[in-house]
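Once you've had a glance at the structure underneath, I'll fire off some questions.
For reference, chains read A, B, C and D in written order, and residue numbers begin at 1 within each chain.
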């Protein structure tokens, strides 16, 4: 019931928001997001850290087809549910300083998005997963396309078609597996799909692997399926960018863990190396591109692309460290990237520019912003005792375990990451003030209300990662036994 | 709460108070809080030292990262090595904090400065206290961060910012090596705790030259290269002088840069079993020592000279490590911390007096105006030049003696470095404190001795620089080599192949090196006091001198080899691969569909007759196909 | 079955209502008629009858199809607004009557047991549609469309009839169960060529009606030329009826010689999908785009209509329903917006750009349009998604991978042109004045939209019935 | 009655294939007519020719099989064709009124 509440509550709140006007919408939306956060926290604390699926629920959805509306939370789901419930309030509060026309629609869409995301992370039925996976696309598309920048129409359409195109392959693969499930009435229960998938012969598994891989690779995105991403991040308004990069791309990595690995272990065996190589190419490629970016948002977009590559490489290493690392990194990356994009948004609102060449010297008027920026940046470059370190440490270790040389190449990310992130901070915050950064306004209360918790989380999660590692470990271990069976 | 925990806690608290209360803590309190934190840590360290039982003690705080069987805990280890490091760090650190109260007093970022210094102490203490490689790595990266923050302290100047970035990134290159080394350790030993890892090796299952140990030690050494500024990762350290002078003294001379030596001594049991690595360590150290010393010969920036001197001295330490003279190296770490901190602080005092002028060509004759600074600086110069009985003599000669035993060629190189050291140090001394004042009138007018908060640390360090050598007085001078004695449990399981030089050789070596140093000093005296020559202005050097003055163009070389290609590659990826290849394919599919669509719609030409004709043809084809069995 | 009789009577009644010269009661009366017919139709649920000397058969299948047809008719009538009160539509009563008559034809196509009834139903439907297409008498486009439709339709009828004649020659029967039995025996030995030709020609005749490539040429032109309301009717009712007939023949009478036609149909399915989707990309006219979209949806339906297995009927039904509801919403929005623009003395057009800026003053219309486009594109949360889903599932079960992959690729293409409408409505600058909607119109729009969403979330509500 | 039963025998004097071929030929002539003519009425007449080919074929099969249903179908076709004619001619007249021609070649405004 708890899980269902987590999904339904934002929808109801979203509908209420839709019906309300102006300031009310703000209040309702943020209240709803915080209640949802409380629910998320309650879930976290009442979760018993073992491998079982808890707070489960199952109804017939399409009776004749054996498709069930079954949801539940295990350790892997929980960490992502936590991410979603934790970050959406910040995303909503982060909009308080901007004047969005028809803001009630924006808040409603964010809340709908949240429902769909929680749905993806808790679905225990293949088709339900797919359903939410796609449903999450619609709100964010509208957010991006309604409140986006100049070039929004073309870019968002490209984004939508690109990701939809990938998902269709996943649909094909799911249907294929579903049809292979035993019985007169088939079932799309995820464990049944695992069983079916594992019993396929290796070449079939190879096809299924690619069908799923393309879907998730586009969503994350991985090299070379990423060209929608920088454009979309740049054109989309801040809340959409935060949703996309902070939470939605985790649908892809989550999909790898939840769907791809357990369903086609032999396929992963055969193609895992290819996937890892693509991921690692993405890491290096994205990092190198990020070094020379002039637009802050684009820079962060490429950095996010590089980070995701590492997560994916860790997942495909199929080691406990890699998987655990990717999970903790999903959480950490979500927090960091939302913080970074918010800072960019703050700068853009004040100066009407995101161009590094035109910025500089902000710290002289706004040292607070610099402090937050540096803390979040440190999380992003994986300094020990920040959240990014734990994830990258485990991920790199996982990849290293898989193959020493690939691990070493992937490790370049910690050097290149420092190169572009430090450049980002230096060019925007330090140096002498430019015409547009003179008289940069100090942070408002609502901005601090977002940045402070994020900075706090960056450090807290870096000091006490075990709070989450303990929760995911049983589920991940169980998954690994399925994979390596 | 145990005493061990308090040691890093005090600076952390200091950091939090000054950092979070930034701009709200009264300026008068800032310095007191910052210094008190350092002093309190020193007090704790001292009491631990006094009460030390001789056995390593591990204090477990909490489990940090637990994955599967691997448990990385936040725990501290107290043993001989960490205690000595603690004392150096907190001791020298406290002095530098006190010094900074005076030095930074007029800076608007006073609170920020102390916050960063305390944060640095915190991480440095973590580095040496950690009972496993990962906690060490926290400190390792943390001090890198603080170094970054402090180099770029005056953030309005973008050159300083670039220097800070360079330092951080070069350190990161080393850190990657360290990290990979840690992975290898985990994969091989299943643990990162020093006790477990070294314990397993001590059981004796490892032959000398074991491949795994070779790789581990090499990777860890890459980390050490970055942090301790060895070839090829040394260029950041001279640039790091962009930071405030106390920072240069604390971080870039006394403490952080010695982390590499600390790490190798910590892992000496592994290194001792990897002779190949040791050979590399030794030669890298030798090369660095002589290269940096040679660059130091012609530098005109007071801090740059000291920076190259630091790089060079670090080279000596690695040379010592390379020949397994671990305690000698550590001895040098200690004495170097004293005299190099002193040199930097003295330089700071000079700069302070000179209204931020750093070029020695515009100084001269300062000894009258800055007597305390001059005397302390003189002591330090003698100490670093290796002239007895000051600290540097003992520690350097111990290393040289071991090097001589190990490899004569290396000894020659080391001696050459030591001659150069003596020369450039005296050159610096003479140009700064002797002769006529060469600066502007305004500067001359402002010349004054620094306040007591600055001179007191100078004096204390001068004392230490003078007598520091007696902490480890060698046997030939009827000493007890007490430092080596104290540290010996650390090397209990190290199968040392180094044999002690006999007394006569040792004395001979000492005489040679002292003589060489004195000759170099005399030469400097001749050049700068008697001939009163002043280094030429920029751009007027020629030949080899120009090459050396320009630091052998290493920075330019790195720029060509690494920075430019990556920039070009970045632009290439972004504009060509990204938009002309990948995006073109993606967009191309879209465009293709559109073009196809434009063509396909022409089928629909509006004429009924044509439509029916198309239908008839289709029907005919379909019929023919379905009746192929009958037709053919 | 009674619905056929009732509808015929209602049609005549409608003609008489026309004498009253009272437009106001026509719309409610017609709606009531359709509802009654729907009720009568549902009364046959779970009963199996043969009627009129085994000419027609009522069973759950036919009830389901007839219900979808009647629901579509109801919705189309509801958004017809009594054909306004303009000069163009001087005889609303006749239009309603003809619509009702055509539904009779459609239901006959669903319930036929004998090929004669198939032919008669088809003709009743077609002839009515010829008339309705040409109702805009002074509009040359409408004229042209009517003539094209008529000539090509008549030609296709000829093909269908020739096929029927040949089948009759080969089997001696018009009864589809009789044919099925004979075809089965024929399939074993060497079946006469006449039978093959006949079967292929009958299939072609029906493919024409459902506008499958390469017999689709009439569709875009006729859809574009015909008044929007009748285009909506055509693209829903005619298509559903056509597929019902096709399914009954392919899944019943012709299964015996499956091998003869299945590859042709696979090929035509792919061709239809490709031509429909690809050509739609270029279209500037929303209405013409919907025509191509209708072709492409015929392709998806053909994927499953070619199955020998009975349970694909529920997929076809669900798809037809989802498609009909979405299409009618789209046309309804198009009609009001086009009319508003027209009365604002702008040159009438039915291009995408008339929706520019729709969301600003008419959020409801924009939302309705969006939902219908999403449904047509097969995006989750809408009924269209499940329609596609069921179809893909069926196709997979039968292992027809190549057409399936084509279908999947083409549905990605589809997103592009459906989204053009959404983009116009929400993201483009433009000015559409706030449009007053009649209550019935508004309710219908809300109902269709809700239906699309509800079916998108809980498809089982309907799917379990079929 | 007697005579009626003899009809099949009489008809069978000509082989069935001849009927099939003949009506196929007729049907093809109709198709060719549709394809080649531009006058809407002539095209329509050609379509009628096709329908009549079908009628002939049905009648032939019906007689050969001594099964009246085929002939009944012929009546249906005739009736429906008549309805079609009515509607078709009305459409043609309507067009003629508007553009004074019934050449289908120039009715190609709806395209692409």
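Convention: a contact is a pair of C-beta atoms (placed from the backbone, for glycine too) under 8 Å apart; a residue touches a chain by one contact, two chains touch by 3 or more.
In this text, all values refer to a predicted model and were calculated from it rather than measured experimentally.
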Task: Chain pair, A-C or C-D, that carries the greater number of C-beta contacts - done: C-D
- [ ] Please find which chain has its CA centre nearest to the centre of all protein CA atoms in view.
- [x] A
Open item on the list: Just the number, please: Cα centre separation of subunit A and subunit D in whole Å.
Closed with: 67
Open item on the list: Taking the mean of the CA coordinates per chain, how far is subunit A from subunit C in Å?
Closed with: 42
Open item on the list: Need the CA-centroid distance for the pair subunit C / subunit D, whole Å please.
Closed with: 27
- [ ] Give, as an integer number of Å, the spacing between the C-alpha centres of subunit D and subunit B.
- [x] 99
Task: Junction residues of subunit A, two or more chains touched - done: 161
Open item on the list: Multi-chain contacts only, two chains or more: what residues does subunit D have there?
Closed with: 34, 43, 104, 107-111
TODO: For subunit B, write out the residues touching at least two other chains, lowest number first.
DONE: 590, 601, 604, 606, 608, 612
TODO: Would you identify the shape of the chain contact graph, picking one of line, ring, star, complete or other?
DONE: other
Open item on the list: Quick check on the complex: what are the subunit A residues that touch subunit B?
Closed with: 158, 161-162, 224, 226-228, 285, 288-293, 320-321, 324-325, 361, 363-364, 367, 371, 374, 378, 383-385, 389-390, 393-394, 396-397, 400-401, 407-408, 411-412, 414-415, 418-419, 422-423, 426, 429-432, 463, 465-466, 469-470, 473, 477
TODO: Spell out the part of subunit C that touches subunit B in their complex, as residue ranges.
DONE: 147-148, 151-152, 155-156, 159, 193, 196-197, 200-201, 204, 208, 214-215, 217-218, 220-221, 260-261, 264, 275, 278-283, 413, 416
- [ ] Report the residues of subunit C in contact with subunit A in the complex, numbered from low to high.
- [x] 314, 374, 379-381, 385-386, 389-390, 392-393, 396-397, 404-405, 408-409, 411-412, 415-416, 419, 423, 426-428, 458-460, 463-464
TODO: Could you please specify the touching residues of subunit B with respect to subunit C in the complex?
DONE: 590, 593-594, 596-598, 600-601, 603-604, 606, 608, 611-612, 614-615, 618-619, 622-623, 625-627, 630
Task: Contact set on subunit B toward subunit D in their complex - done: 601-602, 604-609, 612-613, 616
